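Below are the structure tokens for one structure; questions will follow.
Chain nomenclature is as follows: A, B, C and D, assigned in order of appearance, with residue numbering initiated at 1 for each chain independently.
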Amino acid sequence: MIVVMKSPCSDKDIKQVLTFLENHCLTGHVSHGIERTVIGVLGAVGPSGTPGGIGNIYPALGEALEGLPGVESILRVSKPYKLASREFHPKDTVVEVSDACVRKGSVSIGNGEVVMMAGPCAVEGEKQLMKAAEAVRKEGAVILRGGAFKPSTSPYGFRGMGEEGLKLLAKARSAFGIAVITEVMTPSDVPMVCEYADILQIGTRNMQNYMLLDEVGRTRKPIVLKRGMSATIEEWLLAAEYILSQGNHNVILCERGIRTFEKATRNMMDISAIPLIKKLSHLPIIADPSQGTGRRDLVGKMALASVAAGADGLLIEVHPNPDEALKDGAQSLTIEQFRELMPQVDVVAQAIGRTLVTK
Amino acid sequence: MIVVMKSPCSDKDIKQVLTFLENHCLTGHVSHGIERTVIGVLGAVGPSGTPGGIGNIYPALGEALEGLPGVESILRVSKPYKLASREFHPKDTVVEVSDACVRKGSVSIGNGEVVMMAGPCAVEGEKQLMKAAEAVRKEGAVILRGGAFKPSTSPYGFRGMGEEGLKLLAKARSAFGIAVITEVMTPSDVPMVCEYADILQIGTRNMQNYMLLDEVGRTRKPIVLKRGMSATIEEWLLAAEYILSQGNHNVILCERGIRTFEKATRNMMDISAIPLIKKLSHLPIIADPSQGTGRRDLVGKMALASVAAGADGLLIEVHPNPDEALKDGAQSLTIEQFRELMPQVDVVAQAIGRTLVTK
Amino acid sequence: MIVVMKSPCSDKDIKQVLTFLENHCLTGHVSHGIERTVIGVLGAVGPSGTPGGIGNIYPALGEALEGLPGVESILRVSKPYKLASREFHPKDTVVEVSDACVRKGSVSIGNGEVVMMAGPCAVEGEKQLMKAAEAVRKEGAVILRGGAFKPSTSPYGFRGMGEEGLKLLAKARSAFGIAVITEVMTPSDVPMVCEYADILQIGTRNMQNYMLLDEVGRTRKPIVLKRGMSATIEEWLLAAEYILSQGNHNVILCERGIRTFEKATRNMMDISAIPLIKKLSHLPIIADPSQGTGRRDLVGKMALASVAAGADGLLIEVHPNPDEALKDGAQSLTIEQFRELMPQVDVVAQAIGRTLVTK
Amino acid sequence: MIVVMKSPCSDKDIKQVLTFLENHCLTGHVSHGIERTVIGVLGAVGPSGTPGGIGNIYPALGEALEGLPGVESILRVSKPYKLASREFHPKDTVVEVSDACVRKGSVSIGNGEVVMMAGPCAVEGEKQLMKAAEAVRKEGAVILRGGAFKPSTSPYGFRGMGEEGLKLLAKARSAFGIAVITEVMTPSDVPMVCEYADILQIGTRNMQNYMLLDEVGRTRKPIVLKRGMSATIEEWLLAAEYILSQGNHNVILCERGIRTFEKATRNMMDISAIPLIKKLSHLPIIADPSQGTGRRDLVGKMALASVAAGADGLLIEVHPNPDEALKDGAQSLTIEQFRELMPQVDVVAQAIGRTLVTK
């Protein structure tokens, strides 16, 4: 951390900063430039909470320093996340989805292959789900998506079938040999969702629902952590850090579009987040072009772009009859569209030396 | 709702839209313009869920229509919220904070007066809280703020004292005759927080935590609903609608800054949200210039601007020693700064024909 | 255009809207819904300026209507651009860069092939430019980029070599048989830049410099129109419309990243703009991953993603010694990095059935 | 400037940075922290261009450093603007509008009073302008606004009356003793606009039209520099620096709303920019609530908020018949609304110890 002093600043102000640092077992290193005085802080602190680690005191420390007289700003030179960072853990994390129902053993996410997760936005009934599950499995998807708990912007919207929906997902899993990913929205539902699902999804609105992050962190299930719709890359990795710091290392990040001024698409996919996350973190990253664009006619191209940029997988909405979907019909592919997309994904994956897993 | 067809579009596409509408007990009214065909949808549906009201089917309906062939876009002409809208409820809502501890009877929010809520960002200990409470009450604040549960971007940050903090808030309330507002972060904590607090606060990260909104909607406590950091006005009013639709009409909105590209302030206060909410809704609205700017040196001016724009109250961070604050020290006022601010707020309130309540 | 009335609204308000429309040779078509009255406007007007066309009066008309009493909002159902729209011109536009110096005849942009434009951000001197030009041509780039006039955020920054830089570009063109693209920043420079360049570039800060758009519209040179850093897709196509409406049909759009809240990248590339522009417009679109990310380590992956999404070409900064570049060194590839990228671009282009032109 | 090295980084990388600095007459000061090595750069350079000042090399320098191997990021600790900064020039700048036509001598902007600039968005004809000018002068406005050159998003929109409009402004000035502000859009128009106007306005789309900034910098006219719709505070002050560095010190900043995700208002006024600019700069700042909101019904409240936050003046659109305005009718006040607003502005100004000038 570096403390930038106002210009001009008094010796008294500098001394107050140094005393503050000493009181927190840190050392300040004053450097008088021509235009500014800056104070380097030595002795940053780590996860252990003791000096030498990043403790509880750390984020507060920066803010308290920012409030001292004579201080203009605080520059952080260390990343605030540790367990999620590639510096701390240089080797790629591979998340294993190990459910017995998956056709030929487990599915690995982050091992260099490309994994397809597909299915309806929401579970709406047995017929719809079974038809969708059969179709996406047949085309090569190895993971079935489908929401049993749905966040709806309006209280009058469809909020999902709940546990009944989870049961249908489990039934589809057995019937077609496909793993299941579904969203969990509140801490008290975590045990129930764990019973039925192979992967838990944290939705964009809950990326900073810290008690939910704690709770899924206490399980050992794979977690797909969607980026908050206005979350920076750093905040996203800090949300992953919540899960990791509870001991669950099976975290998969998912880019799903952020909020900008543009109105032509529902969200704006940040494709650059894919290679950037690969630089900053060892965690796998997948992309959701359905939520990411909100427009069926853009999903295919954005799926290919995501793979070309290095995504470890795709999360795509497919509905047997999207025009009758109770939720997000406008962005779901038909089964025919999905069938056409799969070989295109495969050929782009191969162009960059990867394979689309369809075992 | 108006369905805008692509140009050109076929009779078959138009017919499919009309059939879809009929299947949902609605009528389409086709209008052939020179450049576009549009279809007006008659028979919108309301909160009752029956035709003639906005039912569960409504938001899904628009999205499903958007997915039909030949449809370019859907234009909504009704507001998606009802209970929160001024059209539905023209008269201003006044929320009464009726706790017995408030010095001279209850505090009203939304009755044309300006109410000051002040105190530390987080409850850090008895000495700190009591000192802050005594000071802000003395200067005229009628509501004490202080977080016992704190959302922290980093898992290594300070997350609050929990129930112990709530007890200190209750103690300060008794000691100084000041009502208490504090944040609740997860549904299962609602009963406990209700026991100690006069007003529950939903923080910016939880504005779309729907199960939490449901839960506080089932109480009858006043709720301060902070705007999500990337929430549109419409999404914010829909979040209020969640609470209202559970039967709790004591909702107070709070503008606290949104996320933009600007880096000079932590958030950007949308002061125009204050008069705009007054047009669109009957609910009271207050402003939080501490979170809204993240900079102590801007809090005062933004407090005055909020009042001039019509805010019903202010939520301001005051810390007996902000430079030692465990959380958000950079944006907390000192007691002296708060003492200077109060008469300025009063004089601006009077300039627009309102009064700062300090009874 | 559809006029949405407030609820409730008076007959007098409705009548005033109808009279206003009649005064402008238009007809209003009133439709009383359960919740809202809407008025469809018939007789939209086109580029000719006469009724039946979109004349000078059109954008003003919507705003004037918005100001009438009883009017809540105006919904536009026609696109405000015509010449740029695919509806008006369904077939893809192919822009020919026909300069004699190009090695084997002209270069076509928008014909299904992928075109590489590469070179330094700024022309800094003869040695630098010739070395870069030779290298990028050798690796297969068919167009040389290089700024002679540079927009610099600071008045103390490097603002380009001016005409001397243009002469060096022309020299490199002759020497290596490569066409030249360079930026023009102000109307009075257009004739001079036309003398030396094969393609004129309008930079992001000038996307709405209307007098400059008019001026380049009066030439017949190919124009690369970069997206404004906060421009919507619609505003971008309207800027293209300025050029097209002056008679210059050789417009190539260029996605170069927009401004969002994210700080990890200089800009955020909107890859979805590529397929979206292909839907809305017949104009070719290329991508600039150097400006689009501001980070050398992301350029390669974003180039591949752009091609996978359907870009007709790439604009990439390559510097013989990027660490000594006077401008934008952080985002320029080295010659070695560019050499590695070209075959990767080729293989992704082929994966989607296109070819990278390197003739 | 501080160079933050990657972790880990090699001695070779550190040495390369130090050599690079030496080659540019600067000194590096290495500091090995526990987690990071940082290198402080001594000998920053200033406007003179010599070592010891910020020369041409400076912005390039940071970017070139960012591109060196082993460098993670560059932290700037000095502000990139000098002439615009309060550190450089602690005393408030007062801009004198000294035209002889102003009723009782000159108007001062930035001297602690509040100045009202009002009039139509665009000059549409003699009758309209004279009526508006007479009315706003009568109510106390001392400066008349009105666009003769109008930036229009669509090429089919109204682009202003040009020189004929300027002549009408000059006529209104003589007739009613009111100074005139009007927009100039391109460098070649500057001499003509200077002939007729007392204050030149640079519009939001031209905030980074550097050749235009240079040109108005070479005059000595007061310049109102509107904030670019996606400009940071720093970029805005750098645009001011362009004008100041040409020798024209009569710069007035104008907050007019920025672009965000919110759709309910045309732009979002950043009221916090007002006190923030007062901290960072000595230049006066005014506010434009008409452009800032795009909604007539919000203009009044936002005018009051701006004054409460410390604005030195207001720029407000008033049209004798806004519903017939050719441009921006939706945001113009009627004369009656303006008449009601003036005493409200006065009383809020007085509440904060200022006066509305209406001499």
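Throughout what follows, a contact is a pair of C-beta atoms (placed from the backbone, for glycine too) under 8 Å apart; a residue touches a chain by one contact, two chains touch by 3 or more.
Predicted model only: the values in this text are computed from it and were never measured.
Student: Between B-C and A-C, which chain pair is linked by more C-beta pairs in contact?
Tutor: The greater number of contacts lies at A-C.
Student: Compare the CA centroid of subunit C with every other chain's and tell me the farthest one.
Tutor: If we average the C-alpha coordinates per chain, B ends up farthest from subunit C.
Student: Just give me the whole-number Å value for how far the CA centre of subunit C lies from that of subunit D.
Tutor: 27
Student: Distance-wise, how many Å sit between the C-alpha centres of subunit A and subunit C, to the nearest whole number?
Tutor: 32
Student: Quick one: subunit B and subunit C, Cα centre-to-centre, how many Å?
Tutor: The separation of the two C-alpha centroids amounts to 39 Å.
Student: Check each residue of subunit D and list the ones that touch at least two other chains.
Tutor: In subunit D, the residues touching two or more other chains are 230, 259-261, 263.
Student: Should the pattern of chain-chain touching be classed as line, ring, star, complete or other?
Tutor: complete
Student: Touching residues of subunit C toward subunit D in the complex: what are they?
Tutor: Going through subunit C, the ones touching subunit D are 20, 47, 49, 54-60, 63-64, 66-68, 80-81, 151-159, 185-188, 205-206, 208-213, 229-230, 235, 238, 241-242, 245, 259, 296, 322-332.
Student: Using the touch definition from the top, list the residues of subunit B that touch subunit C in their complex.
Tutor: Going through subunit B, the ones touching subunit C are 2, 4, 7, 29, 31, 33-36, 38, 40-44, 52, 75, 77-78, 87, 259-261, 263.
Student: Flag every residue of subunit B that touches subunit D in the complex, lowest number first.
Tutor: Per the stated touch rule, the residues are 230, 232-234, 258, 260-265, 268-272, 274-276, 279, 292-293, 295, 297-298, 301-302, 304-310, 344, 347-348, 350-352.
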